[in-house]
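Have a look at the structure below before the remarks.
Note that the chains are named A, B, C and D in the order they appear, and that numbering of residues resets to 1 at the start of each chain.
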């Protein structure tokens, strides 16, 4: 199959959807500039021009309300935030207004819209440009929340979002923007509420989100050489959540490690652990483990940043610990190669 | 000991702290009006006047930043939100600024401040006046987050907050405002990070927050008659969290039910379940159970509202299910008596 | 002079008043378990503005939303049923008073201060993009202009010249807080003004002037001149939330309330209507009784209506 | 005429320029892993405003914060060490460029647009409550006025007459977006004006005029007349973030950039300084070299400084 980068997959999805649906428009700070949100809105701007791809003032709160007002009227706005950290300013409109609109007005109107937010990582993004707002969005009923881990999923989820009858939040990982993978040229959708089994295995279930999926796959590759067989599940959408696939997997392996790109406390990793500790309890052979960010803001300095983020190595160590194994795996291979050279 | 209502305990704590510390001031919409935030700021206003207890414009975002700027300069502001749902407007300042201040400026300044938010319940508060922002606040490093369940704890936590060297969020339950309990006249503090064992028992650990504590205690009373002995733990502070007390309890009872006054998904109940499924796994005899709100916005109509909220009866049923028991308990006693007659 | 318009405005005001007086008289019965913000004394604003609208225009409102709902012709049965939490309510009992809506009449309310202001702007953006001759109107109180989202929304609307009419019902208080503790002394319509914005102030209790003002503004907004802002000076007669009087609570004086009662917008328009011979006193009294009776009938009908089924709790979350 | 003041302002500007030029020349070495927003071309604003401040005054800044840090006399070693992520940095490597601070010199930056505006107002509130003769200054760009928190903060400061000076560095762009796609055409200082506010516009590249203007405003702010707003018209010469030129990227023309280079604030003040005989060309060249040498020395020192220990990651979270 043809391959495409994550960012180009997003771009292609937007362009194809806009081609099909004249009600779609994209707006947000810098969507029409020469960088085009790291390349994701450039082609859409070129193709559809300033009427459908346009810049905005820096007014995140109002823009979410404007998104809502346009969506209620049959438009399908795509609101873009170059960092999802800016969405804290939009949470009142997103959670108090958009997420509740259909419910409180008894289903008589709906709010078809997509909010794209990018989760930063590395090269000193610092305390306010590297957070992940996924848990907040998944906590409150009414939103679809998805976190694509591959070009394939990125395209499928955006196309799904753009035909969903309600507000969708897609949180992309900046660190994945240049990763390449197979992506069909056709339009296709990836359903919300469906997990993606990235690798079948029998020993340990690793639920990994977003940019932790490649780390988990790398760990699986390394451990395979030692006869350890990981099952890697990407939940893909955090809300609705595909509990079934995770539960079935744990029933088979008896072990769960949840690797999230977020703080653990009250995060999605806690939700996965809780669901499993309830519904797959009888199959669990060992404690449920979670891996995520250190519980601090994300510091700039590289020595600290490297400690802040979990890596493939943490996954391997946790697997070995769970299985009571000690194998001389290649630690070099387990390092995260960081090719990002800034600035954002 | 002397008894006091929850709201009077809050009021007393504020007054005593202000008496001791001239840098404390209270501000927020309506703090100085005749209702005085349901009675909690009335006495402070009477005693300390408009210089230290004053009204504000409806500008939740800026007010959080103003709180921060004053706190950095040695004041100790108390910012009050009559509903914590309004705090979505303040989350950028709270999470991007206040929670990170000490960390990002390397500990050279601190931010001693208290944000009080009230969680609404019942009498048709509706979708935007009955939410709980606790999970969001506990998710992000840097804040202390506490949810008092009794007059005693309310006073102790507020006094603790007003001598803590960092931003504190206290989320009070409107439904508890008129409950009465023993409260010492002295000034005393209740530490953050310390759970409160409300009842010792050996059969099932029930971790209950805020207004679910009285429900859990009621359940314990009813089940006691049937020889079932619940241990009730109020985590009191959600961040830092007293994992130890919960884990020790589950190690003893082998059963956990977490009853939260919030949605479950990525909520504090998930965190408790995850911690226990990791650290008390070997002692768990049965699946970890969670009880919380239905996964919808909170509707107005009484028939729906009653379904939305969990009650004592849900706790009893879950306990019986875990223990494989079926006892003819008195369902009447298990009803939540709702004496609140509105409006807010 | 537009006799029909004034008559319609008057009847609308009367209908709002009689409907809300019904709430006043039955609120203590505890059948309406929903915090309720009455527009008594402020009826002219919604009535006059909505008279100048076209049916396809959209209206967004704050917590004090009954007047706009009724002025747009929202169904009375669905109104009382919603307040009583019944499945026949306009939102099937999910919304209550504060999130009242009539999807059919394009009215949507939310009690989060300022929340509907950008939504109105977004609606206007869609009209602009789709080249529809509609406008969006948003009603809000004097406190909503203190929310940052107001100025963000205003900036966007002015920038894009969107067809939205901002109507600020300045009743001098936010809950119990007078303007003086929340905003500098200059008038709102001047303070929020930007050179590119049409911004006006008017007596919000003078329906005739109000109607003339909006009849001037709305065509300009509709034809693409950009948004307009209208500050309407008015006064809330009852307590902030609930049906009672509250001049004994210290935050405002009985004299102040009474002086505004004397400036009752209904009384004022009634004098004009009868003076101009548009309606007689008797006709008016008849109408008053009619609306009152309809309110009572709708209330009684609501009480006989079914509650939502518990098992529909999760409907329409997604 | 205040010769000392102009000399100080000039030297400060020179120091900022030479320091940032050092960043330009070494940024590609990848020792500064931190997104960096240079003030090259905008130095006059921070230099002139800070010259008019007292040591105890507090300064809050946006992402484009180097100039204010240096103008306040923030430590140069700690500056380069912070940019290089070293433990000797002003925030021990936690903050990087965008959250730069000098607690000693009362300077705090945050890159969230508008974020520091209410913090400055809160600082001013504390000065007011404690009857201290301090003022708070907040520097922000032309995009920050689009954030609702700006108008909320302005309203609060005006209402309470707080000692805060709002300094808007209008460099015509937000990242690559010109003002015209974000705000209506009228000037910012007029658009945000409320009758109770002292609001001025000035040439932000003319340090002399700027200093005169703030020398007029600051005493009024300090003595309790309420806040003031100052719009400074200026221009960013380099790309939004990073060290390069970007006039080949299409969002602005080479002519435009060059016309602003000709209006270089340093060049301009230099002519004044030499014309008035305050400094000679030679003295200036010497200073230029001195600052450049100091910047190089501090950078080299930073590179030899230790990294933060990994096990200190969780320090100062609480």
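By definition in this document, contacts are C-beta pairs under 8 Å (C-beta built on N, C-alpha and C of every residue); 3 or more make two chains touch, one makes a residue touch a chain.
What you are looking at is a predicted structure, and each value in this text was computed from that prediction instead of being measured.
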Those chains which touch subunit D and also touch subunit A: B, C
Length of the line joining the C-alpha centres of subunit A and subunit B, rounded to whole Å: 31
Cα-centroid distance, subunit A relative to subunit C, in whole angstrom: 42
Distance between chain centroids, defined by C-alpha means - subunit C, subunit D (Å): 46
For subunit A, residues that touch 2 or more chains besides their own: 56-57, 59, 61-62, 85, 89, 92, 96, 103-104, 126-128, 141-142, 295-297, 299
Residue list for subunit C, restricted to those that touch at least two other chains: 92, 94-95, 99, 110, 112, 146-149, 152, 155, 159, 181-183, 317
Contact graph of the chains (line, ring, star, complete, other): complete
Sites on subunit B touched by subunit D in the complex: 25, 51, 56-57, 59, 61-75, 77, 92-93, 96-97, 102-109, 141-142, 144, 166, 240
Touch list for subunit C against partner subunit A, complex: 58, 60, 90-92, 94-95, 99, 101, 103, 108, 110, 112, 115-127, 129-130, 136, 148-149, 152-153, 155-156, 159, 315-318
Subunit C to subunit D touching residues, read off their complex: 146-152, 155, 158-159, 181-186, 190-191, 194-196
Subunit B partner contacts - residues on subunit A that touch it in the complex: 61, 85, 88-89, 91-92, 95-96, 99-100, 103-104, 126-128, 131, 135-136, 138-142, 238-239, 241, 263-271, 273-274, 276-279, 281-282, 284, 286-290, 295-297, 299
Partner subunit A, residues of subunit D touching it in the complex: 30, 33-36, 85-87, 89, 92-99, 110-114, 143-144, 146-148, 174-177, 181-183, 241-242, 249-251, 307-310, 312-314, 317
